[in-house]
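Structure record follows, encoded as structure tokens.
First chain written, first letter: the chains are A, B, C, D, E and F, and each begins at residue 1.
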């Protein structure tokens, strides 16, 4: 039997959504106030899931301590209280929409967490983005 | 890579659950207090998901502004602060269980949102109904 | 030392907000879609607080079992899955705004719960009404 | 069309995570403070989903009253306000990790609820375990 | 009897916490990562309460429609999707801590809402600031 | 102007509610399943508030970093993943009702946080206890 375990972690970050190849009018038309020049920000919640069989000795799919450390070091430490446009190496040159941010986090974490099966990134209480294996 | 984006919107509506071909005793036996003649109501939360590739120019699966307008006009404006039994054209003659309401919302929205992949309709903090493509 | 204990309980009810001495236009002007003739409804959450000293034998301000029974019998059983306009004796002839509903619940429960110090009635995730002793 | 209905129910239980074949040092290394000898506890939230067609007479996938009774009798009555290590027959001899608890609940409920399609067991606001058919 | 009604509204904004009279080391010592030069951001939730008697004709303390418009125009429109440091006239020259932001919002709204009795400003799920009349 | 700042922190603990001077029947009569001999447990959420003027240099009532460290060291480290009956020195010989636990936490923290004005201790999503200065 396959079981999925999910860890939720939070971070706060700033961003400005815009396409550098477009002028301000075009950016505002597509992105609305998300393209305001000085940026804004969110409290993000990130949920990472790993699916696999339950180990008979530990009763676990994966040790949550390990999962937590990996997410903390690879992602949270790099984005928390940062500007996604200016401060985060893995977002360099990438428009920080929630979709693009989720995609990059997936690329990084799925290499460190072999059974990773789902990522949910909440940008606000009404908007979220999800990637499934 | 396929990414799913989800928008949550809320509405408040009244309903009475009953089958008009049954007598009151049979309705009460099956539906309990949900069949009370004068109706009751709920704060519903509707989550609509669209799945697709991320557009390289916008960094989006779909523009949330468009998604929000479609859900607002097609659904929220028609059900919010309404009686699901008396006031909502698309529920005419249909017993307004959460399942039936979800089914009708799916039929309407999936025509307007081609990549629509999931609908979750929360009736209360403990009950929800879900449809997946 | 005074300690306050709070019990949260939920119910779902229907209502139509209107003043029977006004015409429909005036009702719509003041109450908006809340005055729609066939009504709508909400999932309400009611929080009742009792303040007092902690009993040295029980370690309690009041036994939650008793508090729960009183709120259940006096309020929840009378409003849950009901129309506040048509079905609830203590709301007879009263416009069922959240303020008026809270006021009546206060009158009833404060007689049964001597140390009652606060009532919070949530009508939705964004609106609530509160009465303090 | 297949529709999924989900019921959420809560319980509070105590547990100590440990492997009886290991010494205390090994248990602490793997399980950390979860292996503290006198145990600790959680408010669990259990979500059970059933998927199927909507019955044309009732407008339901399954009657929530029945679903609620089954979950209450088979699970909640046996674990609520109990020690998962000492008091729960179906957890006898099993290390009560969230994965193992979810697995046992799945075994019991999926026999009683033929269309059962998903189980989510929340151990805290940040950790949950999930089983899908 | 005095009744309190509360409206919750949300906004997303960016900020950098720092004292311009201090050097970077001193700012980091006091404000930690909140003083990162490129800023970060939050999803704020603002709750505004008005206390007064219930009007016998309307059954309301204040019309929520009016309360909502005032909060929207005076505050939300000015801070949502903005940088609190660069874009918000009423925060000009003020270090945008949650305390200072709450204080300025109180000054503005309490002039427009005579019975305003409480303001709660949530910066994250774990931090909030409150002002009571 | 006085401003209140609140920090929320969580912990999981086990407890058994009983009065050692009573027999099992009397304990069960008063405390119900909370007196089960092997105990159960909860995810607690603790909210601590400090009220005072806003410092003009920092824009803060109190530095949240300090507040967080004090709550962590004085309380969370002593109760998290522990049995309130067996493992927590400050609860020695005290029946661990939420009221008594809140009272002891108040005694400890109010000495370390001079402007402490409120403590809220959530035992579950429906029950909480509160102390105000």
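A few remarks follow.
The definition used in the following text is that a contact is a pair of C-beta atoms (placed from the backbone, for glycine too) under 8 Å apart; a residue touches a chain by one contact, two chains touch by 3 or more.
The structure presented is a predicted model; accordingly, all values stated were derived computationally and were not measured.
Steps from subunit D to subunit E, taking the shortest chain of touch contacts, total 2.
The two sequence copies subunit C and subunit E touch through a face in which the numbers common to both fall below half of the numbers used overall. Chain centres here are Cα means. That of subunit A falls 28 Å from that of subunit B.
A straight line joining the Cα centres of subunit B and subunit F is 41 Å long. Within subunit C, residues 32, 125 each touch two or more of the remaining chains. Taken together, the chains touch in the following pairs: A-B, A-D, A-E, B-C, B-D, C-E, C-F, D-F, E-F. By the touch rule above, subunit A contacts subunit E in their complex via residues 10, 12-15, 32-34, 36, 38-43, 80-83, 85-87, 124-125.
Residue ranges on subunit B touching subunit A, taken from their complex, read 1-9, 49, 54, 57-61, 63-65.
The part of subunit E that touches subunit F in the complex is made up of residues 17, 19, 30-32, 94-100, 102-103, 106, 125-132.
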